[in-house]
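In the two assemblies presented below, chain A is common to both, partnered first by chain B and then by chain C.
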Partner chain A sequence: MTREGWIRLLVIAAAVGALEIACRTGWIPMTVVLPPSAMATSLWDILVSGTHWNDILVSLRSVVAAAVIAVVLGFLVGAVIHAAPVVRGAVEPLLASYYAVPTFMFYPVFIILFGVGPGAIIAIAVLLAIVSMISATLVGLDRIPTVLGKTARIMRLGPVERALEISLPAAMPYLFTGIKLSVAYAFIGVIASEFILSGAGMGYAIAYAYNNFNNREMYGLMLLIVLVVTVVNTALDTVDRRLQARLRR
Partner chain B sequence: MRNALGTAVVFVVLLLAWEALHLVVANSSLPSPGTTLVQLVALFGDPDFWKHASQTSQAFAVAVVLSTAGGIALGVLLGMNRVAGTVAEPILVNLYSLPKVTLYPVVLLIFGLGISARIAFGIMHGLIPLTLFTMNAILQMKPVYRRSAAVMGLTPWQTSLTVVLPAILPEVITGARLGVSLCLLGVLIGEMFASRNGLGYMVMHAMERGDMPTVLAVALLLAIVALLLNAVLLMLDRAWRH
Partner chain C sequence: MTVVALAEVASVMPADDHHARLAGVTRVFGRPGSPNCVHALGPIDLDLRRGEFFSVVGPSGCGKSTLLDVLAGLAKPTEGTAEFEGRPIDGVPAGVGVVFQEDASFPWLTVADNVAFGLRRAGVDAAEVTRRVDYAVGFMGLKAFAGAYPAQLSGGMRQRVCIARTLVMQPRLILLDEPFGALDQQTRLLMGDELLRLWRETSATVLLITHALDEAAMLSDRVGVMSARPGVFIDVLETGWDVDRDSRIVSHPRFGDLTGHLWEKLRAESLKHMREN
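Entry: the complex of A and B
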């Protein structure tokens, strides 16, 4: 690990330690924030007793579904837009300011369309995630070096072969950045929808625990989400950095 | 200009798609664009709407000011020190992609149920992108600027204000554009949960009553306001880019 990596670990450990001490000495009341050690034991109890496995599975299923739909659909839409410059010129300004719109306010509309349940939640998560995938696809297809196209022509590759063996690998680093962002947005969309209005899932479980003043369980679940999201994002980020490094070679 | 025309066409297509969806959805619980517009105009005459709107704009304004000032200050602080910057970056990126809504109960426990919780939640959303953009802009700034500042014997404070900030202004505006829209999202999500006022509450309340025209009217209005704000910042961005 690099020197910065060690310092980072030290900073995080110090922050967690400081919170632990502040809670244990009563400087932060236990009714507001639990000490990290208590959060960890609560998380352990939740995992061992199995009370929330159903919520965890529901959330993860929605996240996976939303991420897959956003990536596949986003890639297809991106490829189509890339092939039609007229459409692209019209749509691109909208894509640039898409994330300014609080998409989340349209969650009730999706509840009307799909009912309360995974359908509406997946739809809002896809809506959040898909535009980053479309943008990444456009950038990726733009950056394919022209020489690769010429090579494909010299080798007399058909359109399918050319797409699979030349275009896709060449655009991959950019596409992967889109995948990474889509997964992060899918998590945000799913957990937030569950939190606001739903009957199952980790977000719902946290809101439920909060409404019942069950701080111990609430902090355990929060720790679980923070850990899961951190692990997933860090893993994707590591792959992303490798692919980006390959570009610079 | 051809682009603007194309974008207008896209808007018309979206409106038509909305109308089509309204016709397709059984018993039309989804209001048509026309109904939504009529409801929006009706809302403008409703004092209740203005009460909620002023609550939201108050929380939003305070959150934007605090997160902009804090984000730039934090970004400059981390950017001026290369080690601090590289240490902090992955932590900040991870915080950015975390579903912050899970932490909202903590904010509620600390700040109580009032407007300050919503402001704090808005800041949580808006602060990090601005910090990241400011910090990365300083790390990628031409080293000659910093060296000239050192040659002239400027203090760190003078260097930040007269050299660094003007040099990174475009990136700061880009960060602010992201920060402002996320601030709005944070405030609205805060209002949708455990709140008795604000436009977010208004949408949730209207939904519970099955008043879909109000839901869509408020959501549409917020989308338009957000897009206009974004357009203004985009114009500043273009005007100041060197």
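Entry: the complex of A and C
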């Protein structure tokens, strides 16, 4: 591990340790926040008892569906906008200010369209994630060096071969950043929507535990989400860094 | 040293000696008569002899790269005709390889895969791909880096990857657009040696676009000097070097005469370009 990695780990360990001490000494009441060790025990019990496996699966399924739809649609929309400079000129300012809109306010619309359940949740998550993929696609296609296009012509590649064998791999480091962001936004969209739009899922289970004053289970589930998101993000980050390293010139 | 006007050179060459030919080629960007219309090139006449090393020097913006684009089939002449091996150039002709100034290596492929790219696309069988790639990678001194990615290499080595990628396709005409422009002087001299070695090995016809007069004088059989935009040839110089030359000829007294002569021809044109910009 790098020096920075060790320091990062130390900072996290220090924060967790400080919270543990603050809770155990009564500086923070355990009715408000559980000590991290109690969260971990609760999480262990949740996983062993299997009471929330269905919620975990429901959430992960929605996250995967939303991320896949956002990445595929976002890439296609980005590629079309990139190919039409006039459309791009008109649309780009809207994309730039897109994240100023609180997407969750549209939830009644999605309930009308899809009903209460995974459809509406996935739709909100897609809405949240798709613009990051569109933006990444535009940046990625912009950054393909002109000389690679010329090289493709010299090698007498047709438009489809050129797109698949040159443009796509050349833009991939930027596209992957979009994929990484889409997955992160899909998690946020799904978990947050489950609080209001669902009868299952990790978000719903946290809200249910909160409403029933079940602090132990609530913090166990929160820890689970943090761990899952961290593992997924670390895996994507590893791939992202490898791709970015190839760009360094 | 002999300085021969291009028209005279063309007139004394036998017809079958022409490998590529431009006749009355012009290139105009924008609609004629419109305010943003730019007459970039020509009219240009050029006969490249089979197997010669021809360099083109000229002031910035004189249309050198446009000339190369026309020969590579990347751009169509506005007027005039372009031929390669007796056939009109329409699109990129088979048998033509191009090395650009910018790094055109594929960053997502290893050195060996970069070099093999064109061969695999052409459907060459795997054993032959391996043989040719091994040879080209070894020839360009990249054997130890065959499994490395371009990001792990220096600028000069990446340019060698691009040259090796062109070399494996066994082109009969190699077009080089300031391939060493981004490299330092020492590396450029050494790369020049490698280029000469490659030229002798392949017997290909080479057209080199360069802004470096010493590079042109050292590498070429003939050097074409272009005017400021719209670029036309104002002189063609026969260098008279042996085929077996290398960068050590820079200490030859004639090398100084050649570069001096090139600068004499180019100075007025470069001044013209500077005053206009």
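The working rule: the second predicted complex is superposed on the first by the 248 of 249 C-alpha atoms of A that agree within 3 Å, B and C clash if a C-alpha of one lies under 4 Å from a C-alpha of the other, contacts with A are read in each partner's own complex, and residues count from 1 in each chain.
Going forward, contacts are C-beta pairs under 8 Å (C-beta built on N, C-alpha and C of every residue); 3 or more make two chains touch, one makes a residue touch a chain.
Keep in mind that what you see is a predicted model, and the values were worked out from it rather than measured.
Student: In the superposition on chain A, see if there is space for chain B and chain C together, and answer fit or clash.
Tutor: fit
Student: In the superposed arrangement, which partner chain does A:Leu247 touch: chain B (first), chain C (second), both, or neither?
Tutor: Only chain C is touched by A:Leu247; chain B is not.
Student: For A:Ala170, is the partner it touches chain B (first), chain C (second), both, or none of the two (neither)?
Tutor: second
Student: Check whether chain B or chain C contacts more residues of chain A in the superposed model.
Tutor: B
Student: Could you say whether A:Val48 touches chain B, chain C, both of them, or neither, answering first, second, both or neither?
Tutor: neither
Student: Just chain B (first), just chain C (second), both, or neither: which does A:Val160 touch?
Tutor: neither
Student: A:Met1 contacts which: chain B (first), chain C (second), both, neither?
Tutor: Touch status of A:Met1: no partner.
Student: Kindly classify A:Val147 by the partners it touches after superposition: chain B alone (first), chain C alone (second), both, or neither?
Tutor: second
Student: Give me the angle at the C-alpha centre of chain A between the C-alpha centres of chain B and chain C, rounded to the nearest 10 degrees.
Tutor: After fitting both complexes on chain A, the angle is 100 degrees.
Student: With the superposition applied, I'd like the minimum CA-CA separation between chain B and chain C in Å.
Tutor: 21
Student: Show which residues of chain B lie in contact with chain A when the two form their complex.
Tutor: 2-3, 5-7, 9-10, 21, 25, 29-30, 83, 86-88, 90-91, 93-94, 97-106, 108-110, 177-178, 180-181, 184-185, 188-189, 192-194, 200, 203-204, 207, 212, 215-216, 218-219, 222-223, 226-227, 229-231, 234
Student: In the complex, go through chain A and note every residue touching chain C.
Tutor: So the residues of chain A touching chain C come out as 145-148, 150-151, 153-157, 161, 165-166, 169-170, 172, 245-249.
Student: Name, in rising order, each residue of chain A that touches chain B in their complex.
Tutor: Residues in contact with chain B: 4, 7-8, 11-12, 31-33, 86-87, 89-94, 96-97, 99-102, 104-106, 108-109, 111-113, 184, 187-188, 190-192, 195-197, 202-203, 206-207, 210, 215, 218, 221-222, 225-226, 229-230, 233-234, 237.
Student: State the interface residues of chain C toward chain A in the complex, per the touch definition above.
Tutor: Contacts found on chain C: 72, 74, 91-92, 94, 96-98, 100, 102-104, 106-108, 117-118, 121, 149-151, 158.
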